[in-house]
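There are structures below to look over.
In the two assemblies presented below, chain A is common to both, partnered first by chain B and then by chain C.
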Partner chain A sequence: MTGVIGADTHIVGNRILSMALEEAGFEVIALGAITPAEDFVKAAIETDADAVMVSSLYGQGELDCRGFRDLFIEAGLDDILIYVGGNLVVGKQDWPDVERRFLAMGFDRAFPPNTRTDDVVEKLNADFAARAEGQRIAE
Partner chain B sequence: MSGAAPAEAARWPFSAAPIPDDAFAAMQRANLARWPTGAEVDLEEAFDFHRSLPSHKNLAAVMRRADAEGRCLTQPRGGFGTLELQLALMRQLDREGLADIVPTTTDSYTRNEQWDRAEAGIAESEAAGRSMLNGFPMVCYGPKTTRRLIEAIDKPAIVLSGTSMPRLTGEIGFAAGFTGYLGSGLAYTTSYTKDLSIEDGLRNYQYLDRLTAVYQAAGIELHRRQPGFLTGTNIPPCIAIVTCIIDALLAAGQGVRNYGLELGQTLHLVQDAAAIHACRELVQEYLQRAGHHDVFTPVTSLHWMGAWPYDDAQAAALVAYGGTLAAVAGAVSVTTKSTHEAYGIPTPEANAHGLRATRMAIYLARRIRLDTLPDFQQEKDLIGREVRPIVDKVLEIGDGDAAIGTVRACEAGLLDIPWSPNRQIKSRVLPARDADGCLRILEPGDMPFPKDVLAVHEEQLRRRAERDKVDFGRDLAVSSVYEISETLETLMPPAG
Partner chain C sequence: MSRRSDAALLIDFGSTYTKLRAVDLAAGAVVAAGQGPSTVTTDVTIGLEAALADLDRHMGGLPEFRYRLASSSAAGGLRMVTVGLVTELTAEAARRAALGAGARLVGSFSYRLTDGDVAAVVDLSPDVLLLSGGTDGGNSEVILHNARRLAESSLACPVIAAGNRNAADQISAVFSRAGKPLITAGNVMPAFQELDIEPAREAIRRVFIDRIVHAKGIDRAAKMFDAVLMPTPAAVMTGAQLLAEGVAGRPGLGPLVVLDIGGATTDVHSIASGDPTGQGVVQHGLPEPFAKRTVEGDLGMRHNARTIVDTEGVDRIAAAAGVSSGAVERWLSRIEDDVKILPRRAGDRAIDHAMACAALRIAMRRHAGTIRIAHTAAGPVAVQEGKDLTAVKAVIGTGGALVHAAAPAEVMAAALGDPSDATSLRPIAPVLYIDERYMLYAAGLLAEVEPAAALAVAMNGIRSTGGAHERSGTG
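Up next is the complex of A and B:
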């Protein structure tokens, strides 16, 4: 499942990611721009999604993503894989610090700006393979 | 999400004609009641405040003067989540950045009319000691407090609020003393919203344009502006200009007399210059044809609106070159970015730096113009041949009405926007950059471009595919999205 969270309209990167995931053989449910956190959860339940790819480009991702993992846990989807990527905070901040903040919020992976779709597809394949082995994500 | 036109709007039939006085008065009362600060809006008091402003703080007058004098003004973007941060930002842009026009960007919650969330964002920003919002929550602060921003600077100020719900932000902004407001029904509904209908988006901006006309009738000219940059992703000039014409017709229909047109830079010097000239001429052509003979339509050029490089040096080149492009093309103003663009919202220092670099480039461009170049004439002629068939089709299927024609043309895909987030836009048209660096149409979708025009586009794009040894197809469109953000090592590896 892909989508841009919150009140954010930056759809281009997320759409290109959706195109790349389809090309890599995944079945993609694209929720598009301006998707409230709750809608990701609703759609995940309806479609029995295995992974959620959240984009945020406009700086307010930190507010929008708070409690995102908890919504899935409350819905009984404890194990769903959740990635986030984009320009996640307001302004130019140190990436390792931003990554730590988002991992602490319960995201399985956070991707910095300028990530190419190949990297995401590779990580996703590795994580699905690791899951088959009983791990949460690949090392 | 809210944002649909109010229920009482149903009483006023949808068209490009002015909203009737009584319908507008009823809508205005309902609109101002939507948030407590709406009660602070007092039009007579606002008129008095505007009359008290010197003309160099009125953007409509400042744009007219710059156009008459052949100047290119500078304007950044910028907004933070608290009054204190926003005051500091605007002072810095005014004094250190030498901005000719000072902006206030609203945060995305405000833009989407989620004022309760914006209110919480103010508290979070105050607690964190940094802005947690990506702009200034103008509606939450209300017109009286927001006016302190206007009083803190000695320049005209413009509201930048990128979405299709401008009705309350517009009332508050104008009442606070802002003299400019960026946004339009077609451009923003197709570029910043997902579920809002095109009709509701057009209605929302007809409200703002009608409000602008109310100020005009009181002797206060305000500057409205159309954001032709659309989704900011490789928009070819012809598509931008089609939206400029339609939005200008709709604004003029409500009584707007000072209407700016924005074009995102393609980064090809000749194509940008041709686009800026063609835009003003074509908009005037259609305004005149519709009987609007006294609308002032200056063009603003925007620094690159797509993905930016992370490297400071590369970004600095885009900033300075963007000043050159705007000045040489004869734009009346340029909207600037900074070396922080790839990372998101710039610090006030970086923002001011972008303004100064642009200003130096404008100075160096002096009076250099490209009008006499054969390439310029050819490109400008091509733009006209692209734009007229689309606009004529929109008007035709609207039985002459621009508003109705727009809704029908979007439904049919005759009017289409690349990379649009709005579900009612087909977004089948796909642009890409050609071998020379001009933006062209790779796939027209259902837009009725003439065959000979599309043949020119295809030939140029095939040249690029051959040169880069890639297939002629969608990968050209995708690689064009990222091209400008690639590293220099990729774009131009050392020779030998």
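Up next is the complex of A and C:
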């Protein structure tokens, strides 16, 4: 499942990612732009999604994504993989620090700006393979 | 209309009356109407015979009818319960399918049914239950859980399964093991945010014809008509759709809205895509059915008069009627003592008028979509949820409370868009029509066999009361 969270209209990157995922053989449910966090959860329940790819491009990602993992836990979807990517924070901040904050918020992976879609697909494949072996994510 | 081939008889087995309309197919017009009591709870034939005798008097002899078609809302209507997964997604899709099929929705459930839920369903004792949940290939665990719970329960009514197709075989097996009737239909939400309620609607109608007509005892009069085709609200909707779309060679009125205030509920139908009329509007939420029916179970002129007043505010009702709030209170208690009461005093008539206006305004606001401005980093963006009905050019009032109202156009105008409430996407300047002779249901039934004649019947049956814009001077 893909989507752009919050009051964010930047759909292009998310659409490219959706296309790349589809090309890689995934079944993609694209929620599009300006998607409230709750809608990701509702869609994940109905569609039995295995992974959620959240985009945020307008710098408010940290605010919008707070409690995102908790919503899924609340809905009984504890196991779902959640990735986040884009211009997650305002200004030039140290990426490892940003990444650490998002991982602490419960995201399985966070991706900086200018990430290639191939990298996301590769990580996703690796994480699914790791899950088949009983680990949460591939290291 | 002496020749057999020219006449059709349209029957509505209602909750209070058995209503008849005799139609001349060649002329495309109603010839006479007849009415008898509703006797479905005892013997349906008694009311029908009385209504036929009444029609006979009006026509001076009954012709041999080419068609004798019926709809029914008697014996509580088609009472349905819906079950879905996420409240706003498959559970909502199931609700829309049931309402669109003309059902009376008595309960809606979502997520896993609990013991309490199952007990409540059994208690509600619906005529049909619609079970949905999961997109195709999506969640199947919850619909299976719910299917098992329902199959194990003492619920005896037919169940229509219209959920995740990957679970369909297992659900069939569960019900067949329990020896309970199950009908499988296409998923109401085959893919995320994709609504496909037509197969479920058709399945509901099938169950209605095959089982409910018998269960309600209507088939006791089977010799007196050819078929009971659908629940009455579905006939009204079919008539409305015909009126909107027309037939080959004769255009309809285009997108339209039908309003019906009843004693217990207020119904709104819209036959319109509801697509955004503004530029660059982003649509959110579940896609809307082209033909959409909503039923407000808390807004009715008699059984739910108090909730109309409570929702609108007693002071506003009193002010609109030009009476004291004490007078409103007194009228409400008289209604509660006798739900068949008709207002005789001017003050009570004014209160009824104010209540009807409030009921339609609230019902239309709930039916129509909304638009709000989301402030994004890229600037403001208009986000629409539900149907944009602002451009609808025809609004039709039907049902006794509206048709017999002293000022039906004034009541209907209350449902229209209000410049002070621009977030609500209600019709702005439509022409207002009254379905004076209650022909929409008849046209809906006739549409099944003679669409061109049915369209003429519907067109001839409505009377324009002038457009909203023509009255803009008087508000």
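Note that the second predicted complex is superposed on the first by the 139 of 139 C-alpha atoms of A that agree within 3 Å, B and C clash if a C-alpha of one lies under 4 Å from a C-alpha of the other, contacts with A are read in each partner's own complex, and residues count from 1 in each chain.
Definition applied: contacts are C-beta pairs under 8 Å (C-beta built on N, C-alpha and C of every residue); 3 or more make two chains touch, one makes a residue touch a chain.
Keep in mind that what you see is a predicted model, and the values were worked out from it rather than measured.
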Field: Partner chain in contact with A:7 - chain B first, chain C second, else both or neither
entry: both
Message: I'd like to know which partner A:113 touches here: chain B for first, chain C for second, both or neither.
response: first
Query: Which partner does A:19 contact after superposing on A: first (chain B), second (chain C), both, neither?
result: first
Query: So, does A:63 touch the first partner chain B, the second partner chain C, both, or neither?
result: first
- prompt: Between chain B (first) and chain C (second), which, if any, makes contact with A:34: first, second, both or neither?
  reply: both
- prompt: Comparing chain C with chain B, which touches more residues belonging to chain A?
  reply: B
- request: With the two complexes superposed on chain A, say which partner A:89 touches: chain B (first), chain C (second), both, or neither.
  value: first
- prompt: Both chain B and chain C contact which residues of chain A?
  reply: 7-9, 33-34, 58-60
Statement: Listed in rising order, chain C residues that touch chain A in their complex are 85-86, 88-90, 133-135, 137-140, 189, 191-193, 282, 284, 374-378, 381, 383
Task: Would you pull the chain A residues touching chain C in the complex into a rising list?
output: 7-10, 27, 29, 31, 33-34, 42-43, 45-49, 58-60
Task: Could you pull out which chain B residues touch chain A in their complex?
output: 1, 107-109, 111-112, 114, 117, 121, 124, 130-134, 162-163, 191-195, 231, 233, 310, 340, 342-347, 350, 419-421, 423, 478, 481, 485
Task: State the interface residues of chain A toward chain B in the complex, per the touch definition above.
output: 4, 6-9, 11-12, 15-16, 19, 32-35, 57-60, 62-63, 87, 89-93, 113-114
